[in-house]
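By written order: A, B, C, D and E. Residues from 1 in each chain.
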Amino acid sequence: MLKIKNLRCCYGNIAVVHTVSLSVRQGELISIIGANGAGKSTLLGAVCGLLKNWSGDIEFKGRALKGMSAPAIVRQGISMVPEGRQIFSPLSVMDNLKMGAYTRFKKDGKHRVAEDLDMVMQMFPILKERSAQLAGTLSGGEQQMLAIGRALMARPALLVLDEPSMGLAPKIVEMIFSTIQDLSHSGVTILLVEQNARAALKISDRGYVLETGKMVLQGSADELLVDDDVKRAYLGKDYGDFLDERNQ
Amino acid sequence: MTQSEPTPGIPAKQILDVQNLTKMFGGVKAQDQISFSIEKGIVCGLIGPNGAGKTTLFNMITGIYQPDAGKVAFNGKDIRKTPAHRLVKAGIARTFQHVELFSSMTLLENILVGMHVRTQAGFWAAVTRIPAMKREERQSRRRAEELLEFTGLCADAHKMAGDLPAGRQKTAQIARALASEPLLLLLDEPAAGLNPVETHALGKLIQKIKQSGITMMLVEHDMSLVMEMSDKVVVLDQGKKLAEGTPRQIQRNEAVMSAYLGNG
Amino acid sequence: MKQKNLVVAILVTILWILPVSGGMAANVYKIGGIFSVTGRASFLGDPEKKTMEMMVERINAAGGIDGHMLEAVIYDSEGDPAKAVSAVNKLIHKDKVIAIIGPSTTPTTLAVVNFTKRANVPLISCAAGIKITTPVDPWVFKTAQSDLLAVAAVYQQMKAAGIKKIGILTVSNAYGESGKKQLLDQAEKFGIQVVLNESFGAKDTDTTTQLAKIKAAGPDAIVCWGTNPGPAVVAKNAKQLKIDIPLYQSHGVGSPKFIELAGDAANGNILPTGKILVTSLLDDSDPQKKVLEDYQNAYENKFSGNVSGFGGYAYDAVNLLAGALKDSNGDKEKIRDNLEATKGYVGATGEFNFTPQDHNGLSPDAFVMVEIKDGTWTLLK
Amino acid sequence: MAIKNNYIRIEYLVFLCAVSAFGFVTENTYYLQIMTFIGINTLLGLGLNMLMGYTGQVSLGHAAFYGIGAYTTAILSGTYGINPWLSLVCAVAAAVFIAFIVGLPTLRLSGYYLAMGTLGFGMIVNIVIREWAAVTGGASGFVGIPVLEAGPLIFMSGANYYFLVWGIVFAAMIVCRRLLASRTGRALRAIHDGEKTAVAIGINTHLLKLEIFIFAAALGAVAGFLYAHFVLFISPESFGFMFSIKIVTMVVIGGMASVWGALLGATVLTLLPEVLHGFAEYEMIIFGTVLMVVMIFMPQGLTRGIMDMIRTAGRART
Amino acid sequence: MQEIVQYLFSGITTGAVYAVIAVGLSMLYSSTELINFAHGEFVMIGALVMVTLWVRIGLPLPLAMAGAVGAGCVSGLVFERFAIRTARNPEPITLIIITVGAGIFLKGAAMIIWGKDPFSMPAFSSHESIEIFGAALLPQSIWIVSAALVLAGGIHLFLKQTLTGKAMVACAVNKKAAWLSGIPSEKMGILAFGISTGCGAVAGIFIAPITMSAYDMGTILGLKGFCAAMIGGLGSLWGAFAGGLLLGILESLGAGLISSGLKDAIAFVLLLLILYIRPGGLFAAKEAKRF
């Protein structure tokens, strides 16, 4: 469904992502994990049209995404839940959700949107409860639900989540991840970018590990979960062991 | 250099002492009761997952934010209310994660700007070009050239800073920070965007700076570099201090591991 | 060294404006005009410019002056002193005119006189400010009635009507300020007490605050000194506040436009004006009547829109200059002398008698007092 | 633009020669007078260019300092008969003092609020000039400003005044250049490139902004002095809001952060109305269009725009 | 006492004019972060088109109003399309100078179309003033204040109730997220431009009867509107409304109680004080930190 080949992204003249390739198939839940600064969000920026300065190929359903604007990519069927949630705080919860379906009001009509609205509300009962409240007054976890709900309102073929666990308490994180898992089971294709490797890999089909802009590992989630190299990608080569060796 | 004598009671060997530092942003605690200290001459690594509050901490130490509670002492002197530009004069210098060289100036001029707090010439001196100003200018130039040599950037002295390759810009930033003759140098992700060769060279440079007696604080995602360079590592997570210790202790700390890898 | 290109570019620009130096054809008298054709005072400058063009055409059609054709070079000052200075230097040094008519406003006139004096070029200003001709400068004349005379005419009328206390409301520009000064200075002479003086901005949308304040001070009449459209707003506001004491206006609103703008509210307003507004009402014995009819017909045939007293200033200036150009052979000194010697010229503004001490040359009877009744002017005796 | 540290650069010499040559060759007072106005406007532009170009502070009230300079010298030398050269010193001192008082709180504002603050200041100064009629002559203007003299030299319109003004302009340009090449200038250019970084390397940006604000005010006052003794008559409308906008436009059209930009901007904006005189009614439309077109197609100002054009042309040839 | 009430009425009338203008400016700023220095010129266009349609051609009042507002919107959209969007480098200062140029252009064009003379226009309802506490309230003032209220309220409802309005708010608060939700932010900008210049035209329509309309009436009104928007806090709708009223009342009280010559100066001194004390305006919506 989504194919990325030899992607290279730059900020100014610094390459943050080099020669990254990955693919997502219909119905899969894929995680990209890595420590912060590894270039995960940058990679997503390129996919979703936020970042212009990249080279390589990104194909979605056989169509090249190069040069498309973010709204155009949304119309292609990729919805993103941005890092840090980025909800529209002065708007009500309901309105936030409607904004997610902005492009569809003309295309699909009010009824279809209303149906989806019901669907999302059912999925996140808390949002239904709070539908008239201003989004800015929600708690972090609720905001994250709202951000996911908003992205779903565009009826995406591929849902992209950028660090949904960031800044949330462990319990809430657990809940978010189980929601993501439910979504995946209901047939949505998901690309999940996470720092929280264990939680992400637990629910994923496959995973990619990114370290300082490069893809260092890939494989099935179960393999990665037990791979020591994952730990190394996060905490560096084992300096302690190195010292021990030398001291012997 | 304008340094006040260390206050009695605080061990002089600690160059930076942070006590119960708290910072709120719109009711949310971005920093919660953080305490640690840095001894003179060491390299202290500061790590933590995204949103852990490393940048906020940096900004408080360098005077860009004022803490809501707690205290920061530099060389035994409370610096909570000191404006950013004074702190540089007192001896705290920093580099930025994204390269922030002055792109319309040459590399040499960038270094000269870095000396701003150590030079005097003002408006009238500039306009009249009095001998003292010319002398100062000559001395500054000489020192700038020495610094460029120290950092291995001599060849690029007269190139526009914006035209340099990324790696050089990173190094140049460090050179510019050194130009202010700091006692404490804060490096914000110096290795981000560098290739392995450049990262290696950066490590060498950090060691060289350490040998010259400058204390350093290092925020970095390249853990190999942090672990290799640091004498001590402080780990932040969600605005709190999670752990503090030698690199080895940190790498084996279960709390750190679950902060990074998740505990799921 | 990139900047070198820039220097070249600047040099080219400079060279490009150089060669346009004006030569003067021998048999043409070039005269200059500076008017506020656009900008705040365009109501003055626009008719003045048109009148000057028309008059020059007429004089040329009649064979010119001593066989010399007139050529008018007219620039727009936009009411800006700096622009007027540019224009006057252009006229003197580039176009090499032998005399200048204008500018339209007092500040622009005061700005240019320093340059015309130095170059010894006679200037006939169309502005009202008394500062222009007091103290008298040999090279500076003016055709517009001074505020001095307008205020005198107003006060005379008030005295006759038994008005003792007045409140004044002036526009905050040179015109209003000069009026205010005269109103305050001359009040005592006519036994009138100014109870309150207030001002309003030329572009104010509402003046009820000032009017309410004046009303509270309890004067017998209100004098408003300004030029359109401000006084029309004042008249409207006064009506809305139900102020029933007489409202006096200045000669600055002396055009049908005022009645159009103020509508009903104009009725009952009393103002001094040049006779041009009331030409048809004048006695046939009035020496100005013929002149005014002639000017009015000529102007209204040529341009759309009504003739105004302001254009009359230019009408008189051109005629006075034409008179002075006779036998002058284009010599500026001679033109000046001739101007100063002008006696008994009956023009649109009044009868001019210049003397070395008086370069305005008008007497108070240049003004008549009119009242607006039923949307038209009526003469007050 | 890199500024190297050799003392006088070739283009300044070329410029000096060109200006002098123009002064000697041209006898037509009109051209000299236009050039004089260009010179006065250049001074205003230079100051504001330093402020806007380097510290990023937009001032919509710069004409106020122009007015303060003009009125101070007019009142002192005209009303009180003080030597005009002494009154120049007073004019500059007055501008510096007021700039200091106003700059302290105002420069803490930023963006549109700073623009608003300076605009308000400009309006207040203008209204005070207009209403304080007893001293300033009010709306009808101030008459009786003495002609400048220095020994046997009398500065009246014409070549004398031309040389006086351009001498001062040249000196001001050298001052600006020296300033930019110095420690202070490097700090200024640092603020231009990145204000946060400049703070982080120890530059007291607020102080520096204030210094430049005061410097610009002083240059403005000098320009006002020159204007007053040139035209010998001043009135409030020459120093109003529209003129402030015009100075900003000069700076932006010419090109910010460039000494030559100030000169070019002042030249274009002074010459344009002169050239457009012939279009009478259409002057405003053309002027507005030129302004928009330049900004749309040469957003960096004419200095850069023209240089880019020359460069592309040169590249096309080779 | 009676005078004070009169000053207040007068101030509210003038203030409502400023408010309508400020609301338009603020509206544009909140969606595009641009201050349109040609805004006053759209007020002028509204007033002059209204004079032409209603007084000269004799169209019915509502039709003439619609025409004048339409003229404001259309000229605004044309301006946006040809001057703002074509700009190569949309830095704020560049855009500001473009709007200044556009202001001069529009003024020049209006001078050619309508000439230099001012025009008057009858009030929408009777001229008789209403007496309250011995002070006269002009019927047109009521029109203006209601127009300001309706306009601000209308925009408020538009932003709060309609999908497009909400999308506009979304763009203003978080461009990136709006962009990711598929909201075309450029179109929102264009729409904001149209609404903003339309507001300008509305202001023109309602003040034409109390003041005189001429080609050069806009500049000072635009300026006052800018001040009002600033006092209220840029980007805040009701802030702009309140700022306008406050400015009008300050001017009027300054003129009435201190000196009418210094009224603008008094108003500006107070404004500066407000800015010094609350650097983001009274009802700051968000930090206005551009250029």
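The rule is simple: contacts are C-beta pairs under 8 Å (C-beta built on N, C-alpha and C of every residue); 3 or more make two chains touch, one makes a residue touch a chain.
Small disclaimer: the values here were computed from a predicted structure and weren't measured.
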Graph distance between chain A and chain E, where chains that touch are linked: 1
Which chain pair is joined by more contacting C-beta pairs, C-E or D-E? D-E
Taking each chain's C-alpha mean as its centre, the one farthest from chain E: B
Taking each chain's centre as the mean of its Cα atoms, which chain lies farthest from chain D? A
From the C-alpha centre of chain A to that of chain C, how far is it in Å? 76
Cα centroid separation between chain C and chain E, in whole Å? 35
For chain C versus chain D, what separation do you get between their C-alpha means, in angstrom? 34
Taking the mean of the C-alpha atoms as each chain's centre, how many Å separate chain A from chain D? 54
Quick check on chain D: which residues sit in contact with 2+ other chains? 1, 130-131, 281, 283-284
Quick check on chain A: which residues sit in contact with 2+ other chains? none
Could you list which residues of chain C touch at least two other chains? 38, 172
Once the touch criterion is applied, which pairs of chains come out as touching? A-B, A-E, B-D, C-D, C-E, D-E
Residue ranges of chain A in contact with chain B within the complex: 11-16, 35-38, 163, 165-167, 170, 173-174, 177, 194-200, 202, 212-213, 230-231, 234-240, 243
Name, in rising order, each residue of chain C that touches chain E in their complex. 38-40, 42-43, 46, 172, 198-201, 203-206, 208-210, 212-213, 216, 228-229, 232-233, 236-237, 239-242, 257, 260-264
Using the touch rule from the top, collect the residues of chain A that touch chain E in their complex. 48-50, 69-71, 74-75, 79-80, 82, 86-91, 95, 98-100, 102-103, 105, 150-151, 154
What residues on chain B touch chain D, complex-wise? 62, 64, 83-89, 93-94, 96, 100-106, 109, 112-114, 116-117, 119-123, 125-127, 129, 133, 136-137, 140, 160, 176-177, 180
Enumerate the contact residues on chain E facing chain C in the complex. 2-3, 6-7, 9-11, 13-14, 17, 111, 116-120, 122, 127, 129, 135-136, 138, 207, 210-212, 214, 216-217, 220-221, 252, 255-256, 260-261, 263-264
